[in-house]
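Following are the structures in question.
The two complexes that follow have subunit A in common; it is paired with subunit B in the first and with subunit C in the second.
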Partner chain A sequence: MSGALLAARHPDPRPGRVSFAQSLRAEWVKFRTVRGWVIAMIVAVLLTVLLGIFAAGNVNIGCQNGPNAPVLTGRACTPRYPIGPGGEAVTDSYYFVRQPMAGNGSITVRVTSLTGLHGGGNEHAAGQNPLAGMSKGVVPWAKAGLILTSSTKPGAAYAAMMVTGGHGVRMEYDYTHDTAGLPGSVTATSARWLRLTRTGDTITGYDSADGRHWNLVGTAQLSGLPATVQAGMFATSPPYTVSTPGVIGTSNQSGPSQATAVFDDVTLRGSWPAGGWAGDNAGSGAASPGTGLGYYRKSGTAVTVSGSGDIAPLVAGPGSAGPTSTFEQPLAGLFIGLIAVMIVGTMFFTVEYRRGLIRTTLAADPRRGRVLAAKAVVAGGVAFVVGLAAAILAISIGLPRQRNQGSYILPVSTLTELRVIVGTAALVALAAVLAVAIGAMLRRSAAAVTAAIVAIVLPFLLAVTVLPASAGAWLLRLTPAAGFAIEQSIPNYVQAPAVFSPAQGNYPLSPWVGFAVLCAWVAAALAGAYILLRRRDA
Partner chain B sequence: MNAAPAARYPIWTGGRDALRAEWTKLCTVPGPGWLLGAVVGLTVAVSAAADAATRCPVGMTCSVDTVRLSLTGIQLGQAVVAILAVLVICNEYSTGMIRVTLAAMPRRPVLLAAKVSTTAGPVLVAGAFAVLGSLVAGLLILPGHGFTAARGFAELSLTHGPTLRAAVGSVLYLGLIAVLGTGIAAMIRDSASSIGLALAVLYVFPILTAFVGNETWHDRIERYTPMAGLNIQATTGLRALAIGPWGGLGVLAVWALTALLAGGLLLRLRDA
Partner chain C sequence: MTVEATIEVAGLRKRFGSALALDGMSFTVQPGQVTGFVGPNGAGKSTTMRVILGLDAPDEGDALVGGRPYQSLPHPMRYLGSLLDAGALQPSRSARGHLLWLAYSQGLSAKRVDQVIEEAGLADVARRRAGGFSLGMRQRLGVAAAMLGDPLILMLDEPFNGLDPEGIVWMKGFLRSLARRGRAVLVSSHLMSELEDSADHVVVVGRGKVVADISVAALLAAAADGRVTLRTAAVSEAVIVLDRAGAAVTANGDGTLTVSGLPAERVVMLLSRSEVPFSEVSGHRVTLEQAYLDLTRDAVEFRAEPATEAAP
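What follows is the complex of A and B.
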């Protein structure tokens, strides 16, 4: 079609010589004049938005402030979480044996034991001793050690050296940062020495297995730290979670837990004006004293500290304390939109073969690569607009709706919000280009549409339903479905005890790496399409 | 072709001829054979890969339904079945063959019945091979990965009642997907859109359940959408299912027959 038409408008003495802009124009005209495709694009946006809002919202959240208080719903139930120095929501609750430290100085301690108790379900009834019915065992992310913090208010800046239940020695600061130190757990025969040193705004953490040879674990820059900080020993232990893989998805149960650590050989350097220890619940735990899970005891040089809670970034899912949700949750309907876009993307190429139009197209512009590029750009561009519209609408309608229902949306930076929205649009665009390339390779609509949908949707489906987490994670690393990682707004923190799953918005690859995997697949498909287009007759 | 007015004959008149014609069409192009082979090959390959990726280390309790795990490949096999079912109808529309077919067999219901039988029949046979192959793969791989009968995992033997139900049910499931695909194709007539819709119906609901927070709706989706059909593969934790194995397959059958009826109705009402 376009050959004669374009030649008339742009007289060119050399037949078949059309510029890329003209090829683009021709493909755009082909796209927008097929009414079904335009309707399909609009339907893709609508379905994505409606399904996303339906899936993400629609949660009945109820709460009560006490056993006889009226049951509240909606916004009144929205939990309040402390905000950390980086702007993220955090969990900040621990038992703190502290004294003020003025100026520079250091604290060194030996940890000789870390033990714990945990519940497994709902045995903790109101008014009961919370320790009743708990079983022995330290949870993997139970933490005890040294902490140096600007204040005991929830969300305060801090740096800490700690032993953990199952992850060896760690240095953590400002909730999101975590560095591994010595491996192995603390026992009577293998004690751990920990040291925190303050020099201006720089906190340095060391560990040692014998008290003589010290290893540097990490340094933390806590800008704006006050001259006098609170420093000392802490213990905390996050809820114990049991995950039971169900037929579809995973069901989770969690109960409280408690960690108890024994410290001795406490060595203080610098200026410690108070001259003695004081113990209390710190962070948001200070607001609810008397839970019975935090205490400290001195016997001789040994100090026993026991606590419950966590010092970690807040993540969505069963590990978190309340109904939390992520920024990208309303994008759950994207799959239906992707399928629609991929159908049209495939047909954009295959229909030309069915109708014989491809011969006209190639007569007008014999350079195969350019035809492929023009189709990919047009399909990708349209899909990008579709994805952008769907993402903006779904999030701007879905998030306020979720907030009104009482969900707490984990805060993320504007840059991350932008990355999620534009990334989603790019994801839809890449899916469309992949569909075009597969269509060009297979030339048959049915096989090509199936291949395109199966490549992106099926790995995700298998990962969230039948496959165990490890196998599902490999699918989401290797297949084009890795690209969904671009939607993840809250990073995967190793130190946050959540059950990670794609349905909770957690992917095994970081956002841009996952996106790069999808890009590699699209590039490979385009290369394959180019080679086959050049080699075959139309 | 019947020269006499059609009304004098019962509705199934010409059924045998239609069947033979459809069977000839199916056998004389290479596509269906390849697709049926792909159903078996891909189903067994994905099942074996899922088996290979799953382990239950000694000392851990794993709540894995080994039968369901070793039939994972059905998730991909059903897509190939849908392609076959859709192509049997849509290829006729894209080549214009449908006009010849309808000239030879003007009774739309008989034609659609012949088409759905010649599609679903071979699919059932291929499905049987696919399911058996998947179970054999599970039998070979899973015991070595810690899923032994001694630890309480269901044996992948057809003498074990729930395993037999899962195996037979999975074959029937593929047959119903063929019926669903035929119905959708008869409604839509374009192959790309038909296959896309079929895959959307099959894949979007299970994904949606992973996101839906509202338990009532979660339950409704599991119970009333075609995904309920895959409950036939469950051999453990039946109480946790929103709908039982046979009930679930029944839900899929209702979807498939509704699609077929709607397709038949549209075939009758529209010009080809």
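What follows is the complex of A and C.
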């Protein structure tokens, strides 16, 4: 052997420094030649998929369309929800006192009162009258005011100016858009004037506290409005929801509610060919459970309008209209895959310290920043593939399963679906890079693995289980777990009546902001690892 | 780029906490010979090697490989192959996997990996987990890794550790063959005897600095100090004759006398003229180990050497 090792003095075929591609290739070989790590990655995918599917459980949904109709189960029971102009599922049910308006014009009213009744889950025991057993009180998102809509069909484009039970004056349009106007509640001494103006496709909303000084609240572009629209007064009131904090999470109870508003000083401008008001349940109101709660009454110049329902985007969870679920729900098991990925990510660095292999690595490639970068890219790249495979598998298995059980999956745009899937992969990749950086800093496997999991998985688990929603929300704002927000497909609409909490998959930060928080943590950890690697003896 | 096959270490100082690991370490490793780097555990040998590889930063001084800092060498393992710790392996990675990532990091191919596996005699175990290797097999794997880039300079830390007698013979022959081909070889050991028959030059260190930097031939000659060994049955006659000629004679007790102060030819002439019978006259031979002990007998550094290894 002695001579043979020297047999061929080979010239350097690729002179120059160790290129980054060579460092990457070396680190990739290091990764793939440890079978345990490769197996752990496969296990990470499987655990994520299985936990995600079984966390959803076996839901048995049954339904009966009428007293003598056969009992249906599963897919046959999937409710149908109207789809808004933006493609999202919506709740669109209100009492509408309307007349057609041709071309441009405006409508102005004064609202002198908004009152309400609500149940708490016991009212059905009181008998046929839906009002029996209800208590006085207006729910915070009870809405009454002016609305201008392309039609009374469910999911139609609209713009509305309204007073609310607890959120002041709002201008809303096309379900998902909401702008605040004058604050405060409507009372006899503090009336609100509202105005909607149409100019072509542009609808402008104004409010006023005295009928003389007007404030612009917002404008809405409703493309493709017909020449003649339906305009008038409306009232609606979403289900009343009580959340009781429990030992673990919160329990929720809900029941129907009703809002009643009194309007006067109705001023119409433009062309109103019908010459009089007609009242009916609009949107999907005809089929909604609150049908019996809608009516209108005229006395002199005053018009009283009562309604039940909501005009808002549909969201999942308590307070929502039915057994709905989100696109990202099958990803609920991601945290367990993340633990596996982060253990391997930290070990990718720490085993080299444990064995003294780091000296071999740095003798082969003395530029330490590049060794760190190569390890981060390899671990991140592998983790990205793991995250992508887990997300695609979990969603493509989990969603059809939920649909077959009768769940309604809230539709989102293809772009959002892509963001959730690729974002999940990126979340796993960043977690792996964070783990590598922590491993480089702490050098010991046990300490580094613990730190990595405490940094990202623990805050997530605490927030979605035992912590009160507000404390959990702070964890999900400040820790690397903020990155989980990238998975949320339905925004936290303020105007939707659901209970938003981390346990329901609602994150306090918007997807990209949460993702940016995680990126900032990863960047900081990499910087720390770089400085320590450079400064310390190997 | 031309890099000469030298290592120059100049004035290295390094402190680990309160322990002074290197205290002005300076020496040069020349091409075409095996340089032994000898000293007790804790003398600073491993620390010096880590400084040469840019792994540890010295507080003072420089270590240059072919006139350049190791970190500035392109594909450094093509210039300097090193083996610091044969146990520095990921236990679950195969021998081949270990060599493969090293090869790729130097822009070398998998073909070169298979070549060194074959040449290191690891072909049968190349796909086994390195964690199951004996220390001797790990040393072979470590040497194979160091030789991947066919470097001009080879630096091995205690390569004889764990080798069986056959392995030691092989290692010595391997080191000599490298030197014959003009490579510079630096081999550390805490036992001078391991370097017998392989080192051409020794750098003896203690307490972080060089105690002696000398060729093995000169070291042995100095230790022999012109003494002559005489084997004779007529001890008293021989002592009288040689004493009269001005030589100092000591009896060794095994039928031999050690004569100093006279060259061997003169001893033969005097004994023959006086008809004193003798069976052998030869130059006094010392082992490298004895020469090392002679050399270090007076060096205070070697007394009460702290037991702690200076490296962290």
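Structural remarks
In this text, the second predicted complex is superposed on the first by the 508 of 538 C-alpha atoms of A that agree within 3 Å, B and C clash if a C-alpha of one lies under 4 Å from a C-alpha of the other, contacts with A are read in each partner's own complex, and residues count from 1 in each chain.
Please note the rule applied: contacts are C-beta pairs under 8 Å (C-beta built on N, C-alpha and C of every residue); 3 or more make two chains touch, one makes a residue touch a chain.
These numbers were taken from a predicted model, which means no experiment stands behind them.
Looking at the shared chain after the overlay, A:27 reaches subunit C, while subunit B stays out of its contact range. When the two structures are aligned on the shared chain, A:538 is found in touch with subunit C, with no touch to subunit B.
Within the superposed three-chain model, A:45 lies out of touch with both subunit B and subunit C [touch as defined at top]. Look at A:372: by the touch rule set out above, it reaches neither subunit B nor subunit C. Of the two partner chains, neither subunit B nor subunit C is touched by A:229.
Applying the stated contact rule after C-alpha superposition, one finds that A:171 touches neither subunit B nor subunit C.
Of the two partner chains, subunit B is the only one touched by A:346; subunit C is not.
In the superposed pair of complexes, A:454 makes contact with subunit B only, with no contact to subunit C. Common to the subunit B and subunit C interfaces on subunit A are residues 36, 351. For subunit C in complex with subunit A, the touching residues are 1, 50, 53-57, 70-71, 73-78, 82, 84-85, 87-94, 97-98, 100-102, 104-107, 112, 115-116, 118-121, 143-145, 147, 150, 170, 173-174, 177-178, 181, 183, 312. Within the complex formed with subunit B, the residues of subunit A that make contact are 36, 51, 54-60, 244-249, 329, 332-333, 335-336, 339-340, 342-343, 346-347, 350-351, 354, 444-450, 453-454, 457-458, 460-462, 464-468, 470-471, 474, 502-503.
The part of subunit B that touches subunit A in the complex is made up of residues 50, 53-54, 63-65, 68-69, 72, 75-76, 79-80, 82-83, 86-87, 90, 94, 190-196, 199-200, 203-204, 206-214, 217, 222, 231, 234, 237, 240-241. By the touch criterion stated above, subunit A contacts subunit C in their complex at residues 1-10, 12-19, 22-23, 25-27, 29-30, 33-36, 351-352, 355-357, 359-360, 362-367, 537-538.
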